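In what comes next, chain A is part of two complexes: it sits with chain B in the first one and with chain C in the second one.
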Partner chain A sequence: MEEGVLRVENLSKWFTIRRGLLAPPLTLRAVDNVSFELRRGEAVSLVGESGSGKTTLGKTVLRLYEPTSGRILFKGRDVTNLKGKELLWYKRETGLVQQDPYGAMPSFMTISRILEEPLIIHKIGTAEERKEAVFKALEDVRLTPVEDFAFKYPHMLSGGQLQRVAIARALILGPSFVVADEPVSMLDASVRIEILTLMRELQEKRGISFIYITHDLSTTRYFSEWIFIMYAGHLVEKAPTKELIREPQHPYTQALLAAIPDPDPENRKRYREVPPGEPPSLINPPPGCRFHPRCPYVMDVCRSEEPPVVEVKPGHYVKCWLYAKK
Partner chain B sequence: MGSAREGKVKSIVREALSYKSGAAGVGILIFLAALSIYAVIAIPYDEAIRMWRGQEAMWLDNPRTAAPEWIQFFSVKKLPKTIVLDSRTRSPYVSKAEVEMPGLNMKKVIIEFRFVYDFDELPSELNIFFFSNFSGAGAPLVTINWVKPSAETITMAKYGLRAPDDRLYVSISDSILRTLTNLYSEKYPVNTSERLTVLKLLFGKVDGASLESGEFEVEKGTYRLILEALVFGVQTSFDAKAVVYGTIHGPAGTDHLRRPLEIALLWGTPIALAFGLTASLLTTFIQLVIATVSGWYGGWVDSLIQRITEVNMVLPFLPFLIMISVFYKVDIWVILAVVIALSIFGGGIKSTRALVMQIKEYPYIEAARAYGASDFRVILLYIIPKILPPVIPGLVSAVPGYVFLEAALAFLGLGDPFLPTWGKILNDANTNGALYRGLYYWVLEPAAMLMLTSFAFAFLGFALDKIVNPRLREM
Partner chain C sequence: MPEVILSVKDLCLYYATRRGVVKAVDKVSFDLRRGESLAIVGESGCGKTSLARAIIRLLPRNVHTFDGQLLLNGQDIMKLDDEEFRKEVRWRKISIVFQAAQNSLNPVLRVGFQIAEPLMIHNGMPREEALSEAKKYLRMVGVHESFAERYPFELSGGMKQRAVIAMALIMKPYVVILDEPTSALDVITQANIMNLLKSIKSETGISYIFITHDVALSSELADKVAVMYAGEIVELTESEEFYTSPKHPYAQKLMASVPTLRADKKLEFIPGTPPSLINPPPGCRFHPRCPYVMDVCRSEEPPVVEVKPGHYVKCWLYAKGG
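After this line comes the complex of A and B, so read on.
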């Protein structure tokens, strides 16, 4: 993989849970020892079920959480411990689109003010220029006529329109890397594809690197070049989208793909193999491979030692003992 | 949250007025504000202090502890008003004649005051003030004659002036009482009552029965008070003023020092409003900021602020204030500062912090941090505007509490020593036994002002509460 915009090395984010004065605090390993790279202008879908740590990973990479260990390299710079002005530079270079478009907007600000805030914080332009930039941003997300939207309050807009505003806000500083955290899961099914298409279009046009966090594998193939599969705080499989869909290697990925409903009448006769059990607790994760309690191919080594990351094909990595060179 | 109203003061005001309680509150507030403006313009600060601190000398023509004049509407009796007669001013009720005594360097000055007394009750006092520029031993000798409507003439006293501005408190003079009692007991040989007073004998219909019972009916008609002064030195002046004090005075009555209460009632309004509003505003906003900092940063900052608050909430508030007022010379601003300082770490911090803890997890805060908003900006522009609407009704409702507190301190004698305030009227009333003596107006007037103020803010607070907490709305 060539040198990318973003390089994450052995990143971990552990949360400490205090239980009271005397009880020892617990550690929740939301993201554990994750490494990946993201190339310029490419989109990655980060897929995993609820609680797998995909949102935590996205927010830690954006430095919304302090990483517990590991390094984040952005454009060749170590941004893991940036502070003050330099962190502000990183914030300007990155963007975030959240899941809940209603909650993501300060209800007491107008749309134009909401979009202007990042510009004010980064001291960009005069009031006149900022207004122009805001109008341009609204145009880019196709909220036209712009004047109809600029001076409204968030509650006057629909969820889809608000998510467009959120995208405009994430992109208004001209970032080169954006995290979209389940950007359409709270929207009406009718506007989901519209929003995703808009995001994809802007991403391709501006050469932005994208992490698209989702639990919906079915949309990923249209909107990303890569798919990363996350399970219980580990990245278990990284592969180009088509390859991963065609040839999933990790038992968890295989199960996940098998669970996608396919509208084919023949399907009712087919037996779907679903791994039994639940994802493990991240407070006390099982030793070895975290998937081993549910894995149909479990071996002795899986129970005691963490699996290595194996490149099964160029660009296709799997964290599984099945593919380890003996 | 996320209602249409947030951040729009105008529509909140408009909606507040649409509630009856809101309109009533705003109405009373406008009245109080107008009263304050009037007070400050009509009686400038220094003037108010001077009038209130000027003690008796300034108000010698006012009756003591007189009820307000509008009491007359509720009384079938005609209550006496004060009658002032002055020989230095021309008036059809006053005549003055000077007769020089040839070769003796002496003169006789005869001053005659005439007044109609047709009230149903006795006056409260009768004083004669003398003005003469004599020097040395040449003090004028005055013979004081009293002519009743029945033309009965009484020589009350022969009085030698002791000072150029001497005064004779006729109504409490023992020698005059003795003279009058002797005079009438010679005329009516009965056992005279112990309850005779100068005023009863001067203004009452005197007969055997009334002398024995001590109950007199007022003799209505034209009275004359004739002063015959023997003045030494032709150049020496002699003038007099007679004041027949009534029992009602002015729009608000007077206190034990003859001061008109309206001065303190008027001036108490801007003081109470300013004190209450400032205390409430500052306390609320400082609390808001501290609570937001506490909730936002968490950790040891939060723990520290919360522990300070808890300790402060347990400490007794009033004893502290009393202690400070006793040990230090305090004026209203020091009291205000102390009240604010003691109130800051109060319950408001707890409730606001709870709100902040909730709001800081909102996605829009995270979004702001993602595009680089500083802690300062997030607190000021993202969290405080969100918690402001639920805090405002509390701010408004807290105002009367501080107004009452100021009055309570003044009542305890711990307030500002100079300013005329409602609490101070209550303090005076209390120390002078107003309720025991039946002087209800003295207590009820400042109490009414205090109640009016708290009604205004309470009503407005209810209305605002309904707007920002839609669940409280009536169906």
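After this line comes the complex of A and C, so read on.
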């Protein structure tokens, strides 16, 4: 078995919401007690609805947010509390691709300057070497001829082209771990596949470990080895991609899969069995299992006690009372 | 076969911009029957939202050309002036559900009042009666009637979208245009809304024009599918036919790019980008990206060919002697 690159243990990220002078502050539990492992060269799809905490988890793991509790181990080192130069090392080893490429690029910089920036910050190479690295990076994401793109400004590029620049920027320091946060949700269907295919190629070629954050389960089977399902701050199911799609165990995962349309003309006669309601507030999550108010199989224990994580098959974990041994 | 409720013929909507005339909708024609839903599928910038705006005549100021024929129940509604159109057609006969529900609701008015407003304005219905009607419609879209007293910010995204749907239905229009009605929502909420739209359709026999960029989602509602590319409809057919054997090369590529959850398939993408609508390529607008491009495609506009009864494709590949 390949070595684990990233190991996350009981990670939580809570936000404090101040409500003025006298009212007590509220706590928003965006990520609550999450554990997982990521192996070298593997891609994980982190799937959840908006507000489930998936972006917060991604950013906390990258140390863009300070974790509230828990540990992050990267290449055997505890990076939870790294500071200064050592934190800079961790940043160099990691990368982020954001959802909105327009918002993620400074509009006053040329593409080549945007790509050079990380190299300057980390004091890598001479001006000449940096220029070479930038051109190479543009070539890798197939923005060719390179000279045509290097000196343009972000607004002159299409969304798909700009997302390639974002990928190039995330990879330019040669990271071994990258988080891509909804990298294609703002792009058109036909462009999405192109960008995801490119990302997958680069990831496999360079043996990068990848967390691909998405709300779209239908693309995960093509672009990742594992799927983690997140609901209201908890990881509720973790399994190999095909197994999760074939045999979803958690009632929430089953609902998510049932909600996804395939292009089939029979759909219009089909009534989809999906739970009513919407995900709970993270300020006052329901006690016990957070999915229990919407769960069709709810039992008494679900209402009061947090479910344990059960390994139903080797490598397939479910956080649900249905699978707990009595 | 039910009668044609809305017949669109050679509809054009061009915008004047500093860089030139944008041909957002260019000679679009289709028929919509009672109780039928037509999905209009295309990428962003293909003109699908402009088409919706042209049908319901909510136009921006920089209109260059607005032309063609719109027959609603046989009446040519293009001949109405703006005031007549507002009074007789918009909302009363054709209504629309926009993409982002929160932007269609007024944040300082109670939800129930906003739903009831068209009844008061168009029908002169007394306030109390209109409000109780609004509550009835809220129940119908699956929102508890107590929410009529609330303000939009107190509703979740899915509930707001349901309220907007209630608003679009309250005048009992013949046609509802759904412009990406679920694109801001999560998948489970989306499935709930699609379930709702299906049951409304089977109960009321209303007709939908369902605009979306999501091919898989379009199959949830479509009896017929029209594919739009660069301002034109390039394929129009029954949904059974479309989802199993699309004919236009663009439609085929689009279908091949749809990831399927349950079946393994090789995903494809369409190289290149959609053309500018100011200077579209001569001949067929898809020719620079088409894998089957021929000489004629580069210079002459393709004809619309009926490849099977009711299946129209605008492509030289299917033209006789072409």
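Observations on the model:
By definition in this document, the second predicted complex is superposed on the first by the 316 of 326 C-alpha atoms of A that agree within 3 Å, B and C clash if a C-alpha of one lies under 4 Å from a C-alpha of the other, contacts with A are read in each partner's own complex, and residues count from 1 in each chain.
Everything that follows uses one rule, which is that a contact is a pair of C-beta atoms (placed from the backbone, for glycine too) under 8 Å apart; a residue touches a chain by one contact, two chains touch by 3 or more.
Everything numeric here is computed off the predicted structure, so don't read it as measured data.
Of the two partner chains placed around the shared chain by superposition, chain C is the only one that A:260 touches, whereas chain B remains out of contact. Between chain B and chain C, C contacts the larger number of chain A residues.
Using the contact criterion defined above for the overlaid structures, shared-chain residue A:66 touches neither chain B nor chain C, since it reaches no partner. Within the superposed three-chain model, A:121 lies in touch with chain B and out of touch with chain C [touch as defined at top]. With both structures placed on the common chain, the touch criterion links A:194 to chain C but leaves chain B unconnected.
Touch criterion met: A:107 reaches chain B, while chain C stays clear of it.
Residues 37, 43-44, 142, 156-158, 186-192, 194-195, 198-199, 213-223, 239-240, 242-244, 253-255, 257-264, 267-271, 273 of chain C touch chain A in their complex.
Across the interface of their complex, chain B is touched by residues 59, 62, 64, 87-88, 91-92, 94-96, 98-100, 102-109, 117-118, 121-122, 153-155, 166, 169-170, 173 of chain A.
Only residues 1-4, 6-7, 362-364, 366-374, 377, 382, 385-386 of chain B touch chain A when the two sit together in their complex.
Taken together, the chain A residues at the contact with chain C in this complex read 49-50, 158, 160, 188-194, 197, 215-219, 221-222, 245, 255-265, 267-268, 271-272, 274-276, 278-279.
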